[in-house]
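Across the two complexes that follow, subunit A remains constant while its partner is subunit B and subsequently subunit C.
== the complex of A and B ==
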């Protein structure tokens, strides 16, 4: 069942087109993550769903109802902000109660509700404090609690964890995931942290300059990016790209990337390849591994730089005039300048047209 | 990083130890040395003369200070038995209270109106701020003309056909205080508005968005969330305005000259009058000390709150 439908949505600030013809359908219970570089319009899109910004053209439906011209308070949504946006002059309890009181809910119902949600978020001992007396993580819990008590149809999150330190961010991420699993409420979550996007999303939406690039399950977007931008944006370290040309010989396709010829027999082409087509062949670092001898495709390459990350070694390998990065296990430490046999997992290849930058 | 910081910290004492003793003293106390002339001036011309005034207030000085006429606290006794002082002192609180109330409430209201992202915002802001550029003397004269029954607003209203319109604030002892309030408000409103507007603009946009999602009507957001958040601005505004109330001298001299009679007298006018026209320096000094006491009564709690908040 479709819970949110965004159709042909445009947003302009004067002549600046911030959102360009966005179309998106969100099923009930999904956890959608909007991901993209800074300034690509993620927050704008979220604000439009919330009703905090008017769209220039297009329509928004929530729960089968056209809400394009409906006030935020009547859209049955709740929102969590990056800056927490707690009311600083009120206690935690009042912060959580205020929205419900404004809706005329009797106090007798509000009290137990607030206490229940506070217990769920482990902030029940903080109810009588002011926001200024809380830590960042506690404030964000309160902000989430304020959204929870409203029991909305849709949760909207705008980079809720980006003000927290790395460790706290990881634990809050897990909690948000658990929360979503137990409540099953539809959620839209904006972030520019890939790890958050990959772990939280049931489907993720990658945006660039006001346009949706790809919508899909995290692993699908990660392994089958539809264009160079998405391929390059996801992953850390980024995907390796090798410039080359396609060669069609006797019904077999391969990519000549200068230093090597990569067979593309197993590659599922989206469009039919042509001989001599200029392409970019992409392979993620984790698909470039020390050879065990069993791979169908292996090369002997010289390491030029090694970075230790703790869990693995990032090995920069010279390949003709270009360099590619391999992610080696931490116990595999090649020597600088001494050629090593490197196996390529060709089932993870992505091939893009060099001109259109689209996956082929 | 920590290593580098430790190194940087370590170089300082070493270099200092090498410097000759004289230079070391200068290095350590450079700020005190630089400030000492102004500190000395402040000590003499501010605190010195406060003490001097307090001393004069215990004498029976007439036109010139004379310390051979020590009378103890008699001048204070006389001060509090002078009806004109009572008028002036009461006026200060009446004028002050009304001025604070009117200026703060209207200043805040104007700031809130301008904060609604209106068109031509800077135009309106300038209009409200312009009077601030004028001295109290000019303000006083402008309003003297405006409120003059044979020149100003009253004549204009008569010409417009409102024959029964009367505006006799300046000549009526019961309402003359309002003339002071209006003129002072006209001048002080800009500053108050600017302070409140800056406070309003400083409030996180997301608070407004959260309130919109929560369905809280704008006036309630102002009353329950935004205005309480402006508490520090209120404190600053009250202190600034209070000090200008105590200092208000030129405005009264230019607008009403204390009249009709002594009905719009303020302590500062009283003090000036006693010192320079009635040659009663002792009494004047006593009134100055009482005014200082009043200012301190306002300032000390403020400083207390400010420093406690910082700590």
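== the complex of A and C ==
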């Protein structure tokens, strides 16, 4: 069942087009992550779903109801802000009660609800404190608690973890995931953080300059990016790109990338390839591994730089005039300048047209 | 002062008066001298005012302006408050003090309240034309009193409020709105927008957000507005003298009439006591709320 439908949504600030014809359908219970570079319109889209910003044209439906002109409070949504936005002069308890009291729920019903959710988030001992007396992680929990007690139809998160340190982030991420699994409430979650996006999303939406680039399951977007932008935006370190030309010979397709000719027999083309077509061949670093001898395609390359990340070694390899990065296990430490045999996992290849930058 | 320790000469093993220290001490001396001069400049008149108000007329006529009273008496205060002749009535200042209070308190409260709501709307609820309204209000701050005297006079007569305390309240409220609006708007700009948005999602409307979330964040700017408005309205002379009649005249007008009266001997002790009474409310307000006033001024400056 469709829970949120965003149709032909545009948002302009004067002549600045912040959102361009956004279309998105979200099923009940999905956890949608909006990902994209700074300023691409993620927050704007979220605020439009919340009703905090008005759209220039288009329509929003929530739960089968057209809410385009409905006030935020009547949309049955709750939002968690990057800045937490806790009411500074109220206690944690009052913060969590506020939304319910505004809706005229009797205090006798509010109290147990708030205490229940506070226990669930391990903030029950903080209920009488002011937000200024809490740590960042605690404030974040309160902000989530305030959204939870409302029991809304949709949760909206705008970079809720970006003010936390790496460790706390990871644990809050897990908690949000668990929360979603137990509640099953539809959620839209904005983030910069790829790891958050990959781990939390049931589907992710990659945006660029106000346009949706790709919508799909995290692994699908990661392994089958629809264009160069998405391929480049996801992954750390980023995807290797090799410039080249397609060659069609005797019914077999290969890509000549200068230093090597990569066979594309197993590649599932979306569009039919033409001979001489200028392409970018993309391969993620984890698909460039030390050869075990069994790969159908391997090259002998010279390492020019090695970075240790702890869990693995990032090895920069010279390939003709270009360089590619391979992700080697930490116990595999090649020597600089001494050629090593490198195996390529060609089932993970992505090929893009150099002109249109689209996947072919 | 907490920094005075570095000027304190401490015994050292060899010659403590190094050139550096000598320079620092000299700086201190000059600083304190300047401060003393400024303090004298302001406190001197107040001292003369107070000491004279407790003297008898013969003692004043004998000279010795700078001396403390020989036989301090509160008679001048009693006269000033309840007996002195102002114009044709001889009931002292108390009636006029009442007029001033009846005028200033409502005028201050109303202008601060309206300014707060205006400022909140301008800062947090952008509407078409908000910039124009704000520009107009800023301009409103620079309209000189003199320019509006005649139009206001006509308006008050038309409304039937000329010569009444209500008329003065009305004009002070109108005249106060631009400055209070600006003050509050600038402060409210520093209130995070996310707070307003969160409250909107929680179901609070314009006034709920104002009273439950925005106003509790603003005690310092409220105090600043209260003090500015009270001082301005209490001390106003031009509007008071233009639009009041003898029965509705506020303190400033009464004090002027008392001091400039051309009949009989000039009773300096009574004049001084009357002056102190006229200044007392603003002084007391500063003493009570001064701390918040300073805090409010700087808080706005840092956050804005």
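Throughout what follows, the second predicted complex is superposed on the first by the 360 of 360 C-alpha atoms of A that agree within 3 Å, B and C clash if a C-alpha of one lies under 4 Å from a C-alpha of the other, contacts with A are read in each partner's own complex, and residues count from 1 in each chain.
Going forward, a residue touches a chain if its C-beta (ideal position, glycine included) is under 8 Å from a C-beta of that chain, and two chains touch if they have at least 3 such contacts.
Just so you know, these numbers come straight off a predicted model, no measurement behind them.
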item: Fit-or-clash call for subunit B and subunit C when the two complexes are aligned on subunit A; value: clash
item: Touching partner for A:296 - first (subunit B), second (subunit C), both, neither; value: neither
item: Touched partner set for A:98, first subunit B, second subunit C, both or neither; value: both
item: Partner chain in contact with A:320 - subunit B first, subunit C second, else both or neither; value: neither
item: Partner chain in contact with A:39 - subunit B first, subunit C second, else both or neither; value: neither
item: Which of subunit B and subunit C A:276 touches, first, second, both or neither; value: neither
item: Intersection of the subunit A residues that touch subunit B with those that touch subunit C; value: 47, 50, 52, 71-73, 77-79, 81-83, 85-89, 98-99, 102-103, 146, 150
item: Partner subunit A, residues of subunit B touching it in the complex; value: 204, 206-207, 209-217, 220, 224-225, 228-229
item: Subunit A-facing residues of subunit C, complex; value: 192, 194-195, 197-204, 208, 212-213, 216-217
item: Residue ranges of subunit A in contact with subunit B within the complex; value: 47, 50-52, 71-74, 77-79, 81-90, 98-99, 102-103, 146, 150
item: Complex contacts: residues of subunit A adjacent to subunit C; value: 47, 50, 52, 71-73, 77-79, 81-83, 85-89, 98-99, 102-103, 146, 150
